[in-house]
């Protein structure tokens, strides 16, 4: 899994029907020092995250194991936790 | 999922039989500021997109959960939404 | 899916048994302007492609949905179409 | 699979329910000379690893084949072995 | 699939139980001209390869379709052929 920050959302009036009730968030991917990278992902949200939150997200078939997505929704990335804090080795 | 723009299509007279009824679009992948990147993908389309449209696409087994593809079609990328607009954090 | 050109094949006398009847082609991956990249893949072929052909290939579990591979052959990349031509937006 | 070093852990009070009993470790990915790279992954742990340990981790659906994760937990990376030593060719 | 050279192996006394009987090889990934790259993978072996051999390996769920791994072993990369020779287009 990787760390991301919720930076926006997608507006779409033409989606596959299974996606209709879901909000599509844009995440900026962060590195392990919580600094932003150039990478992004568009994701669905399993934990009630909001704009500006740091979150953990998973990809692939894992993203279809949430209550929200388990009925075969065609998505490949999902938020699985909101990150409150982290502990890190002082020296590597 | 990632953002792409439909920039063309592939012409093929020799496909695996399950692909026969499907149009194969070329997408240029876009970054989260809606600027083009060097990356592309060839995809099938679940929403009736056309050349020039901005779309959201998914990969892996997710791409085989569309009505069009669910019968075991050997593809790994599919358009799941046409993007009309997006909202983004003013400052990061 | 991505575009590749068949540039060679692998000779192997020690394969897992399910791979025995299959030819293993080396593809050079091409970009969306049909220019070669540094990336390659070794693939099996579902459409009767030959050396020098431009092809479309898929990866992951999609590659095991061909008639050739559907019996659980341990491969992760396969040719699904031979490319005859392509149409592209004049300006981006 | 790739080699990583456990360098920290994530604190989260809002997770999908299946993740509740699991510790989420931050791994720095290492190269094959056991030198650190810029890449990281957040993982669950199947072997009782601790901060500072070198470990082997797998991704994708493989990560859901541990006793800890096999009940459909939405994660895509997991530690499968602690690395004690390695043997390497003297010259390449 | 990609080409690799077996350059070492991992020693581990704490593995998930399904991995216990398996040797874990370190592969250096090679490009399509059989030159080494900076990338590596740790893999299990389905064909009896040894240190110094050039091999073909697959990733993802394909790696769990070998006799050795089909019982749900949590691994994501496996050797599927030893490479004896290859034929390549003279000019591209």
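The letters A, B, C, D and E name the chains in turn, as written, and every chain counts its residues from 1.
Following the convention adopted for this analysis, a residue touches a chain if its C-beta (ideal position, glycine included) is under 8 Å from a C-beta of that chain, and two chains touch if they have at least 3 such contacts.
Treat the numbers as computed from the prediction; the structure is a model and nothing was measured.
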Chain D to chain E, fewest steps along touching chains: 1
Mean-CA-position distance for chain E and chain C (Å): 20
CA centroid of chain B to CA centroid of chain E, Å: 32
Contacts with two or more other chains, residues of chain E listed in rising order: 60-61, 63
Circular arrangement of chains, read from chain A onward through chain D: A, D, E, C, B
Touching residues (chain side chain C, partner chain B) in the complex: 1-3, 31-32, 46-49, 56, 58-63, 65-67, 78, 80-89, 92
Partner chain C, residues of chain B touching it in the complex: 5, 7-16, 18-19, 24, 26, 28, 36, 38, 40-43, 51-52, 60-61, 63-64, 72-77
